[in-house]
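Each of the next two complexes has chain A plus one other chain: chain B in the first, chain C in the second.
The block that comes next holds the complex of A and B.
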């Protein structure tokens, strides 16, 4: 079964803006997502200085950047991908 | 000519069971102009706070007298007279070992009633001839003075009697572990790890001494100190993107050109190096915590960490304001600092605009200020040679 890859930035700005919390994402995944998601970490996605994106903390989900990431927002996005409604 | 060599100093200490402070004191001072390092280990008689004060007084006086090249016998007399005298034993309340290491000539060790130091050369303990000095005023106290020339890879190990008497009264060691037991252990450790750092060896010696005790607790104050005379180990730390982007390539190439260990502190910095040298970076799973980002690995480097938060924590650890807890990016960096002698920082000064966002929940210190704090702590507390270059 395909696993969806979430990569969490742990650069300085992302970390202080909330990625310290995102590190606990695995503990918050609902049962239907638990086996469908692979969580990775990046030393720095390099997105915080790019004005085209929104705000830290950044993650990528299947390579797509998401700014202002929160655990509920990541779960919502993953839910849509898994159910094919993305 | 030993001018190019470096003296690595390490120490480990444990107070007597039931005491909160150690009644031994260890002080070191580097005199760069004379290429000289002076270390004093003092054991205050008794234990606890009083012993600690007496040992600290002794170590401080010893350091001052020897730094000023005072004659040793009159200096020792002054020290003995300055300290209170034990009513029962009629001797003054401290013993000491002074190690005066002149890197380009001879090393002198002056001992008063501490266990004799051990010189380990080529993996074996070496007998060093000594002469004895007795003050007419204190006929029961004999100063032992040894002079010799240090050779590369020599180690001087000095310790208080809490170490050599560890296990006193146990079935295994009726009379304690003894100096011979200490020497045998040191040789075994050095054979297993010939380049073990002074700090690691001192910690291993302390742990082994504690394991000789019946209950694993120190029967007396214990201090182990190691001076290791070695080829300097070099460490390069790159942190921060160069002010002028045109210098990114020159900056990244420092990593490959450097003859020693290499560390990158900063996400953007790591990205620059990875882009120019075509390297992959892999973040180590579970190496982060709620307060500190994870560290990473990149081929050709020994450690890659996040920048400002990790450097700030590292400065706090080096300044002694924090106890190292579990292994994380900052403790790994401190470990690399401890194992190195010549530490070179190359600090990029381009400002990360995202760090200036007024909505950030914490103040991020300016990189060059933290690096200055780290450099000062490395020089003053760990006696490292440090250079800082801004780019």
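The block that comes next holds the complex of A and C.
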């Protein structure tokens, strides 16, 4: 079965502005997503160059950037992808 | 519980903007613009009623980030730039660590129990039957609580078969382990500084971000540009605070301009040895028990709430103090900056002449962002003198005990007791130790889990603790 790739930015800006918490994403995945998601961590994705950094922390889901990422927002997006409703 | 929230984000954003403006040489010119930049007229997100209220609150957040107390504002027209100048001219931040920003406090109603619309008006009526004060009655087919008679014992909530009764707490009051924050006549929260132990829990708990700490960020920034070498003493809880290794964090700090970075874990190791010797000495002298002294919030709690404990608190200075002393021996000119997870360390630092400034990891994070230092991309800077596992373990619950045990004399074996997180209950437990203590060495951590769960951390407490266990070879305790 296809695995969806979530890449969490571990650049310092994203980490301090919230991705420290995203490190625990795996513990929060609902059972139906557990085997369908691969979590990766990356160096700074370079998405935070904007001086207002209002959208850090960033993740990419299947290569598509998501700003202001939170665990519930990531899970919602993944749920849509997995169920084919994206 | 998820630690991150928008109040945390706003606090960090203010710190970054101020640090960035300073580093770019624009602080005085730009600081009055920060509230407007964070909440422009067409802002998509507004935290409160409108951008204007948001800006007013952010202005006060800037004051706290500058280290200025709210009571220093005599005229509301004084621009932030004037306060920034005043902050740049001062020698040291003084006064209490925490304060409540009155205009940000929501003045939430006093903690109470409430019957929600989930009440089915059942005929068993356990809420009515079990209320010891006869405060619950059935009106129009549903339960009602008479607030005048209710004593908030919570019995009705526990017995309701529909979970229809909820407790609505006051988050800051609920978080405070020593009853130091309470409502005034206008329902605004006020901190009683005779009781406050500066643990910072109210600050993390308030959903309106109304409790603020006065930062020393600017004092450190100024020192980094000044003539004295700035030496950072880095608390053992640093592991896991930033992406990358300890060696990369050190490299990143050097890039920010720190002349030297020393692990406080060295001081912790010395403290463990001294406490082990002190323990043997006390036991031989007939003492019933000794407690650790490294947690500054605990020492304040003992002093202010259970004074009888002070005779049992170890006299050994804290790892922060010992580390600062070591640095000064080698480099008397150094501007010694403690960097750690702890808000109470600010209190300790402000009262310790060995310490020039105290930063939290959150503030160090703001400096990294402002200075455009990406920690995980820094080359590893080898540590001049890596600290021992015993010293590094101080940051997690059980770590101090383990270290003291490693150095204790076999003649006087430790019977350890752990107070993992100060609450009203554990405070009473500590009090009871004065008459009967189940062991002879009591480790007290005000934050549950240890320093990694401090109010000034960036990393996840459990993840950080796990990393420290791996690093020190300490199992879960």
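By definition in this document, the second predicted complex is superposed on the first by the 81 of 86 C-alpha atoms of A that agree within 3 Å, B and C clash if a C-alpha of one lies under 4 Å from a C-alpha of the other, contacts with A are read in each partner's own complex, and residues count from 1 in each chain.
The rule we apply is simple: a residue touches a chain if its C-beta (ideal position, glycine included) is under 8 Å from a C-beta of that chain, and two chains touch if they have at least 3 such contacts.
Values in this document were obtained by computation on a predicted structure and should not be read as measured data.
Chemist: So, does A:12 touch the first partner chain B, the second partner chain C, both, or neither?
Modeler: A:12 sits against chain B and chain C alike.
Chemist: In the overlay, answer first, second, both or neither for which of chain B and chain C A:43 touches.
Modeler: The answer is both, since A:43 touches chain B and chain C.
Chemist: Mind working out whether A:75 is in touch with chain B, chain C, both or neither, as first, second, both or neither?
Modeler: neither
Chemist: Need the overlap of the two footprints on chain A, from chain B and from chain C, as residue ranges.
Modeler: 10-13, 15-17, 20-21, 23, 41, 43-44
Chemist: Looking at the complex, which residues from chain A come into contact with chain C?
Modeler: 10-13, 15-18, 20-21, 23-24, 41, 43-44, 52-54, 70-71
Chemist: Which positions of chain B touch chain A when the two form their complex?
Modeler: The contact residues of chain B facing chain A are 266-268, 270-271, 281, 283, 285, 288, 290-291, 293-294, 296, 304, 306-309, 352-355, 357, 360-362, 364.
Chemist: Report the residues of chain C in contact with chain A in the complex, numbered from low to high.
Modeler: 2-4, 9, 12-13, 16, 37, 242-243, 252, 362, 365-366, 368-369, 373-377, 458-460, 462-463
Chemist: In the complex formed with chain B, which residues of chain A make contact?
Modeler: Residue positions touching the partner: 10-13, 15-17, 19-21, 23, 40-44, 46, 48-49, 56.
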